[in-house]
């Protein structure tokens, strides 16, 4: 079972104007083979299909808490995409529909993002191809699944880096920077899990790709907070056994600010979920939102 | 952000033997167009892409809390599939691999379920086709999205019914029965949301398909508990505004046990997540689980 | 069985120049989930798979005649795409192929439209993804299928609107406008079918999205002709029982020109199918069309 | 524009019992790369995208009238699939849903055919894979398109033959036999079109594969009627120029009953569209069909 | 550039009868995510896209020679599939096509294998899903690509093991056994490449999954020959620099017969490519093979 | 079995700057339905699945040697794509990652080419869609397979022509020109194979499309060398029986430089495989290539 808290993992700066090509680039981090739908899907099905959960509790707990975090990553990158596609919006209903007000949406990298989803995020990559089951590995052999996950997080890191390197918009840069810090931690976590199973110090391969996060300005605040050392349980009462892997005798990677690794109860503080104001012409609401709000508010008050 | 609680929405009876064809049928309810990945994916992206969240809070809250529940549905049906594919398992390592111990896995409905995933669930339908973005509608026009969702839940209901009608195994029947009760509630919820927006009493179309749940024996305990009347918030502090729609002036559908509709804080009680014991020959673990458990337990104790 | 009449449902203005990005946008209305291949495919398979055709004749007739119309919609939007991609064409064979005469086709939204199909329409959406079976719902439960169809036509309407809002070329605007009028009628028809089955006045949700067609200048002539009130049988002798649903006690929607709904025998008058003149360099015909024409004409005359 | 006539191209014998594996085999002829959706899709888009229609009228007419026939082929094979999946049906509503009345649908070749479509046909092949745009060739170069079509019809012929060779059910055998006769004619027609363009007597390659139709008992009546020599226009007034290709100086292929080739006005006589009686348990109608029929009949009478 | 030698990597025992379900299982090792098309596709595109080939010659050479070997793996597994589907064949032309001679092909795991390909291999997995680009990783970052490859070979190993465990037919068992030995070597090779780059002794994780090959009787002859220690260059003159990685200071893995690793010039000896005799009814050859053979032989002799 | 020679089939001019849109166009010739992956995949599986190899040796040899050549075509077009995407590269590590150094990669035709593959080639078409099994025909009926191949090469020719016509970059033009010459030869070869089987002079349809290669300047040197008349065996000892088809009594096509057709032993001379220098920012190598080179060189020397 799952609960949702109505916050984002971090606060995203507003997009000053619609930038559908930046949003399309960010789609690679949502629906691409090395995107957040993939990290989510892999850890989710590995966790559901996990054999011998009791005997292998620390490993099950590690995969399960990272899976829970990935839900928030999907939310973060989806929100970033919707913000970039949308810009500040324009809800005035007196738009002249006959003047091709959205002509600029032709010839963008993913025209369907506007035409079908009104700028919303969908589980596709930057070329428009759907996320799918071929991007999920769940063999049930713990070693292979962990090795896959380690490779997946390293691969995801180079994708995040490249998307960042195309990005001038602060909204998208923030998404990439946050995901780079947390993805680096996940790579580290799977490396340590493999080390506990095999004795091989595979974490010495990190960071892969070999770019320290201090070259990304937007990462600094997250490193200063220790976000590269803190594994959140993302559960009120469960998964603390992940500390058997991500434990206090392990420390941050050499290129990052030093410190001991910690398993943290619950959740990070997070940031506000943005209000997304639509464009009247694109959404054509069948109602006046204010009016509906008023009716619904009354009903809600009555219901308490 | 999200949290996971290490419980299933309901307890599932153990599978007495591997039944890969029953598991394949259940895949329709996981990865099919009208399966739980679809209800999840639709409400998830609609919630992330929602325009005017503040002004339309009751609707945003309704979609968001149902989305959070759907995560648990995906978990429930995935667990059922893994249980049916797996049966009781056999972890003895002295299996003779050269005697074709898994010959029976040839010619099943989805041979890849064993060959690739060791019997684990994956996001595919009963014909083996991947879940994908074509199964997600997120237009951003609230009316269309709700209408889609209402149709989706009615469509999902006939799929659940048909899968149930093929099923002799108690594990799979329980999954179907639970999903039928909760899916019926979701259809009802979206109907009421549409009624609040338009004044049209579309909930009078329910139940669609026209099968009362009292014809399904496994549904009775859920109806007796009122699971058809209780919308859980699946959030510690958020989404209570869903009560503006699912409120106390609305009552259960005529064919179901009578009572007022309620928004319930937090979560249902839920059941135990099953231990899945693998087959040595199929999983070939690279370690002795007991040994690893001992090492990891020590590390964990040290970490506290 | 089917017959084809060599006319378009409406006449389309010529495209003055190739506009592949406009054509790509229009592909959303051909091969997208809410495009004409989808409305066609859904009603076609629902009609072929229809249970109890005799007892439910009015419903079978309604789905069947709308399906026959959708064939013409696929033709109309395909023709529009080919016209926009093609422009006026250039059949002179003295083009210098070595001077990159089609360099402008690089970097368009769908380069394959030129490279593979010479600008012809294909069953893909605006992101280049194929139409496929996931876009077809044919449960055989009449209520669910009709509910699906009602949602599909409403969803199609917002797609048509958005494509229109990107479009400056008259060819594409005309396609959108025609489809908006007829799609609105189809939404209305499925609403009435649901009302006959359930008594719920679901047509009061229309128009969804909430944009009256009088805001689209190109729609006016079609409204003036009553194209929003006339359901053509698209059959010489069959499907008149659709009048049990689209009958004379029902009237046009409030925002449209008033009048009674009518079932009309046969076909609308329609317009000319355009001659598409290709580019020599892109089509490289293996023959001189005039010469072939002469030979074939003689053979044809001989054959009569 | 198109019209539908409520008849099948030929009459199909009733299926005595549900035979989902036979229906799955027949799906190869509906949604496979060499199935009827492919012949339809290829000729449809070639016809819509045709360059220089006036100058190349006989070729345009040939492709267009065969395309119109293919609509009827899709209808025929879809109907066969639905009949085989369905069998005689059982509409009694007192079925005990809790006794797994459809257990036999587990482990069939395409379980989703029952679970999702209630036994209806969908555009997939015998392995469950969707028909898609990769199966459409529309280069706009007439020679290449005709050459493709010639190869497609020869390829389709071996698929039809193989499906026939697996088939014991009369319903499915009849579908294959009918399609074999007409497909052979279409291969012949494209061969003659190529001959008119190039002078190469490519029709001498026929029949490919090298199986005379007199080895298929169900083909005899169609050969006796001359169905291998008659190209129907499938249009009330258009496409007679196809006679420039399929003309009276050409004769039937050597292995078939001799005679001159003819272009025939209009349509073949055809057979009855079967009533498909569903199973109550699988379709769960939301209404009593008789009752609805009565209401609708009254409305219809009133409407005339 | 490439050359083909008309031999198989190893000789395969004949299939005594058609066994389409065994062939379908083997398809997982051809077209599955962890099958030979994937190992081929990954190393092929990595080799073509390789950056800094000169400076990183040993790594380029390693990937390139393994890629060349994978071509032979695709050939081996394809041949095994065709043999299992085909059995001994029956070329007599007096088969009675009207007696459903291939009725047994209905209800197999992949009916399309017979219906469309006459039992030939195609690039699909055991569920019928196509191999595709999502199964190719070519980031251009050498570490990530090698890490991916290492995980891929370990994952491939558990797939090979599971397919073997379903297999009673000697043809299929031989394919699995050969691929297990060579796949183990490839995993070892990528491990050593990673070690040279990073100093991490990742080869200590092998074998993964943890099944020594001496538990597979069919593997013994290959181990005895040293096939687990010999990296063939699969090139007349190139790629010997792979010896910088697979060099003489490295030895076989502990569970395998001991010995030094060697780079071997050229090719293994290999075995005969089997003659596949088709079934007349399924292939319907348009010619008498003997006759054609005679004509062609004469032409060939004349041509020398 | 296969061997690789570390050379390209022809030498490609360097790309002076990154041109991702030209590279995207060239992808049509790699992963499109009529691209080199398709010609490769068709002939590869036809060769592996070939029935009666001994009796039909000249045909088997023809398909097999062309298949071996296609491996080199895939290599050539992949190399061209990587060169065009990459340009001259920049390996300096002091790039400022935070200044969006790859902003220009947003809004290109295939953003994923950079974001995921760092500009490497992948098996997709110009719209980003994966190559897949639907593009492979292997019926096992020799006539149909050859007819398919003949149509495929003609279709490929118009694709190559159109890509060429969009191309200003010499790298891409050279690829197209080379493929046009060799593809024309392959079409000719399949035509002759069909003629030997059937007596129909189908090669008289060539060239299709009807563009003589002397209109393409980059083709001249290949025509002068006789590359349109020489079928290489691409094998050290096998496939010479192809001379039964491509023999000395057949001559070049009328529009090409005259001469007899020849089967040539072994391989063409070929050109250099280009060094591709990456961009530091995009590849972030985890090592200094020079250093690694030195270590590996020492190891390699030691190994000899």
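Letters A, B, C, D, E and F name the chains as they come in the text, with residue numbers starting at 1 for each one.
Convention: a residue touches a chain if its C-beta (ideal position, glycine included) is under 8 Å from a C-beta of that chain, and two chains touch if they have at least 3 such contacts.
Being a predicted model, the structure only gives us computed values, none of them experimental.
Shared contact partners of chain A and chain D, listed by label: B, C, E, F. Superposition on CA atoms relates chain C and chain D by a rotation of 180 degrees, given as a multiple of 5.
The interface formed by E-F recurs in C-D: of the pairs listed in A-C, C-D or D-E, only this one shares over half of its residue-numbered contact pairs with it.
Inter-chain spacing, taken between the CA centroids of chain C and chain E, is 48 Å. Rounded to whole angstrom, the centroid-to-centroid distance between chain B and chain E, based on C-alpha atoms, equals 39 Å. One finds 23 Å separating the Cα centroids of chain A and chain B. Touching two or more other chains at once are residues 33, 108, 116, 118, 124, 128-130, 132, 134, 139, 141, 143, 158, 198, 205, 208-210, 282-287 of chain B.
Taken pairwise by the contact criterion, the protein chains fit none of the simple patterns, being neither a path, a ring, a star nor fully connected. Taken pair by pair, the chains that touch are A-B, A-C, A-E, A-F, B-C, B-D, B-E, C-D, C-F, D-E, D-F, E-F.
Contact residues on chain C toward chain D in their complex (touch as defined above): 1-9, 31, 41, 44-46, 48-59, 64-65, 67-68, 71-72, 74-75, 78-79, 82, 89, 91, 116-124, 130-134, 136, 138-143, 196-198, 234-241, 243-245, 247-249, 263, 266-268, 270, 273, 275-278, 282-287, 289-290, 292-293, 295-297, 299-300, 302-304. Listed in rising order, the residues of chain D touching chain E in the complex are 21-22, 24-25, 28, 32-34, 108-109, 125-129, 158-159, 161-168, 205, 208-211, 215-217.
For chain B in complex with chain E, the touching residues are 97-98, 100-108, 110-116, 118, 124, 128-130, 281-287. Against chain E, in their complex, chain A makes its touches with residues 33, 129, 132, 134-135, 137, 139, 141, 143-144, 147-148, 150-151, 154-155, 158, 194, 198-202, 204-205, 208-210.
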